[in-house]
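Both complexes below contain subunit A, partnered by subunit B and then by subunit C.
After this line comes the complex of A and B, so read on.
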């Protein structure tokens, strides 16, 4: 157990150090605050903490260890990396200041989290409250520290909604869905239709988001119905097809003319097509989806006091999506523990046996699809309003795959794992990789390129060392390594872990003691 | 009183005619066994009774009610539950959760609690393993769990599909004595078995199924002394 705590502590330290090296400045303080709390929690995980004192010792030790790494990284960043990128050295004092604050904050966060773990019966509540404080204050801290991470965190939270929804279908009910982005698209386009000049409807966002979720749920049922008899691979292929069809439909619904069908038949029989009664798009074909150019602009939410949400002001958006995610986590938790949730896990385990227990397979599967789709409907509605424009190319196959990877990487069927998987993939992709690219480029420009004489080699170096271009490669590599090292995901569902791991002594002992 | 009656049942797997007009009857309180070799259609009969397969022709009546058009869900609620062939337990659920799934069709939590207690009395081994995952149990324990889970629906008719399959001889004897206990406590049982010798010791009556048709029926005693049965199913010459 302690060994595991040390291992996770090392991982956190590596993340914190990397963050400081890449971003510099006050990022050490922000990451120290976030990961210090995580380190404190992990140090106490699975242990009996008799009093806050024990927790404080464990937590602040973990926070301090993390903080030392932040301090070291700050010094390296300020004294070595900064000059290497062509800027003047920060000097020891400033490096010590940034790192020192990071160290103090990390230790404090670990200390506080440790203390809360010692609260006995209120331990869980206190941890949740602290977590809530961290999440609520994050954009403020982000602003003070000038790290500008809030926009990325909003993206992470949008994908968190998607991953949570997909986890219902794949993780709980065991139905492999490769076309999940379709529901995201349907949610977004529903929002686009109902609150944009496209068809001259400007409904209120607070109403539209519910309609979008309902329409997505309905689409889930419509997709689910033909797949009920399919299992495993076959189901995956059908959902894949659905995921491909939906964006294509949205791309092509640009010239709609609808005739009343009976009059149309008569008109063609008579050989006089002008007699057909036209219903929609009579004068000129009606453009529903805007094709490749998409729908733009989409209406934004408005609240009293705040007014209409603006694109540059992240705070209201952040709190809205945070609220949606928290609401979804609570709802899905209730669903999982309900009768329906038990029926889901039964059909995941064995359909025939589940059916013999008197579980209605049709209803249970359709509800899994519908519930899963509902949450991506929320995500789609938020996304449409947030970006204020939607294009069919945003919802292609890669989105379905990435969301599926988040679910599998984090741990199928475990919400904490899924959220963690989502955070890791999105943060790496949207935050760390671009920053890494920038830092590498500056280093290349100041240190390497001036010293390379051969112009061909110089060109080659300047264009080929770009981590952004390698992102799919890095992503694939991560997946391969993960599946070999930890096939059950980062935070596995206990059931799945038992199945995937060979029954070595440790897990056998665990099973016995349960 | 007749609890279950099948009349001239024809069931198909696609184009394969699996049951060719099978008829049988189970009286209240009986243990009736269905004998037959591999592929005779024994499992098909049980699945047809529970609505997992639909007969193309024929009638199934349970206490006078027609079952052919009811969903499996409704049939389970009427009081027919099954311990399926090959012990299809839920491997990643604990023993406790498996039992709860067995009671899925019921909503009376007090009754469920009482029945959990009752089946754990019948199968004390399961009590020892109550929080262990189903998949980690031994073969015999899994079979016990499958039967116990079927009992959790508080069935009036219990369908048992090959409870002795793949078990050591001593366990087989144990399982069959429990089957007898379940019957004495008032549950009617339709038992499908390849182990004809054991099946005929607990059953009151039996049917012999051959390529989708009932070819022989009688009391266990009659069947035990029947020439054909002795040769084909009891392995005597």
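After this line comes the complex of A and C, so read on.
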């Protein structure tokens, strides 16, 4: 156990150091605050903490160790990396200041978390309360420290909703869905139709978000119904097919003109085409989805005291999506423990046995699709309103795979794991890779390129070394490596782990398919 | 009573298709009108579809071989084919042959491209099998499928990277992600005119060469699988891996061989697509790959003849859809076919329907 804690502690330290190296400035303090609490929690994980004192010792030690790494990284950043990229040296004093504050904050966070772990029976509630405080105060701290991470965190939370929803379908019910982005698209486009000038409906966001979720759930049932009889990999392909069809449909519903067919046939037989009864798009073809250009603008939510949410002000958006995610976590937790949730895990383990036990397979599977789609409907509605514009290209296959990647990385069927996987992947994709690209670019431009004589090599270095262009590679590698090394994910669900690791799974599968 | 209900149901479905079909290009009166006006263009599209379908069939064979032997939907196969076409483009670029180069130079370039592209894809496929799929052979069925999706992403990214290497391969053009033009190396002599047939249909030596190469590859594969010792070992492994092992077949080697053959076919298809369509792009592995997979499923996955039949059918259907429905909707129609087949006849046209039993 201690070894495990050491290992996770090292990973946290590496993340913190990397953050400081890439972002510099006060990022050390922010990451120290977040990861210090995590380190404190991990140090106390699985141990009996008799009194707050023990917890404080463990927690502040972990926080301090993390803080030292932040300090070292801060000094390297200020003294070596910063000047290397052409900026003037920050000097020892500033490096010490940034790093020192990071160290203090990390230690304090670890101390606080440790102290809370020693509260005995109230341990869990206290931890949750602390977590809530961290989440609620995050945008304020972010603003004070000028790290500008709130926009990214909003994106992370949108994908967290998607990952939570997909986790119901894949993790709980065991139905591999490769077209999950379709429901995201349906939620977003529903919002687009109902609250934009596109078809002259400008309904209130607070109503539309529920309609979007309901429409997505309905789509889940409609698309799920034909797949009910299919086995695992065929199911995956059919959902993939749907996932491809939906964006094509949204992309192409730009010139709709519908005639009543019987009247049209008679009209053409009589040679008088004007007799055909026109139903939709009579004067000019009706543009439903805006094609490649998408739907723009989409109405934003309004609240009494705050007024309409503005695009540059992240605070209201952050709290809204945070609320949605927390609500979803609570709801999915209840669902998982309900009769329905247990029926899901039963059909995941063995469909035939489950059906013999009286579980209605059709109903249970359709509900899994519907519930999974509901949460991506929420995510889609929020996304549409937040970006205020939607395009069909946002909802392609890679989104489905990235969300699947999150679920698998974190741990199929485990919400903590899924949220963790989502945070890791989105933070890497939206925060660290772009920043890494920028840092690499400035290092290349100032240090490497002037010293390269060969023009072809120069051109290659200037154009092809781009971490952002490697994101698909990294996702793919994550999937492949995870499947080999740790197929059950970072935070596994116990049952799922046994299932994926079981050596005679193959014989089991064979027995099932014969 | 039941009969009436069914009849009414069919009528409703037909009415709905007539009502909503035109939105997605399926406007039957207009289509029949166009066909009646120029039957030649129907024949033309059939020919285009058959040639394209032959290429799709070669890729579909890769899916079907792998599925037949280890029941894995090798998601990365389409992207492997894309890498093959990038390899071909690179080789052709290295030979410096452009549009209208001399036949000898073109032939040399094309043959080298075929060799290198097939070897690259075969090698990559074997490596993938060794390091990504073999460790998962005893895991649950979904693990290798997810792994294959991962490999597919890695390949797509490799293609993007390769396409950006303009400093080493000028033929890649300025932009990494944009479609690259593939030199037109095949002669374009009108076959019908040479035979003395007067028709408003273009069928050139280019189409003929692609078709012949594809057919030769398919027939060769069929003969190999049916009549050689290794082919027999492949079929035995596909039928029952354990029993094959007991009979002294080195199952791992046979599976690697299957990936080798599938990869080589993908490489050849990559070259053919480049030569035939004269454009390659790093995303085509996904779209063409899904079409090929649809073809494999349509014919009955695991069935070699089925994959060929399915490939030609999908090629013809998409050519017809491009011409008569709308090219924007072709992908949706192809996937709709995929969904309908999987739902109503998962065994495909030539496969048997396997019922799940306890």
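Here is the rule we go by: the second predicted complex is superposed on the first by the 486 of 514 C-alpha atoms of A that agree within 3 Å, B and C clash if a C-alpha of one lies under 4 Å from a C-alpha of the other, contacts with A are read in each partner's own complex, and residues count from 1 in each chain.
Simple rule for what comes next: a residue touches a chain if its C-beta (ideal position, glycine included) is under 8 Å from a C-beta of that chain, and two chains touch if they have at least 3 such contacts.
All of these numbers come straight from a predicted model, not from anything done at the bench.
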Partner chain in contact with A:343 - subunit B first, subunit C second, else both or neither: first
Contacts of A:484 with subunit B and subunit C, given as first, second, both or neither: second
Contacts of A:457 with subunit B and subunit C, given as first, second, both or neither: second
First (subunit B), second (subunit C), both or neither touched by A:275: neither
Partner chain in contact with A:352 - subunit B first, subunit C second, else both or neither: both
Partner chain(s) touched by A:360 [first = subunit B, second = subunit C, both, neither]: first
Partner chain in contact with A:326 - subunit B first, subunit C second, else both or neither: neither
Subunit B and subunit C contact sites that coincide on subunit A, given as residue numbers: 352, 499, 503, 512, 514
Subunit B - residues contacting subunit A, complex: 50, 52, 71-73, 75-77, 81-82, 84, 88-94, 97, 100-102, 104-105, 131-133, 135-136, 149, 153
Residues of subunit A touching subunit C in the complex: 176, 178, 226-227, 229-234, 236-238, 240-242, 244-245, 248-249, 251-253, 256-262, 264-265, 268, 352, 397-398, 401, 404, 408, 455-460, 463-464, 469-473, 475-480, 483-484, 487, 499-500, 503, 505-506, 509, 512-514
Residue ranges of subunit A touching subunit B (in the complex, touch as defined): 339, 342-343, 345-346, 349-350, 352-360, 495-496, 498-499, 503, 511-512, 514
Touch list for subunit C against partner subunit A, complex: 15, 18-20, 22-24, 29, 71, 73, 132, 135-147, 149-158, 160-161, 164-168, 176, 286, 290, 293, 297, 326, 328-329, 331-332, 335-336, 338-339, 342-343, 346, 354, 356-358
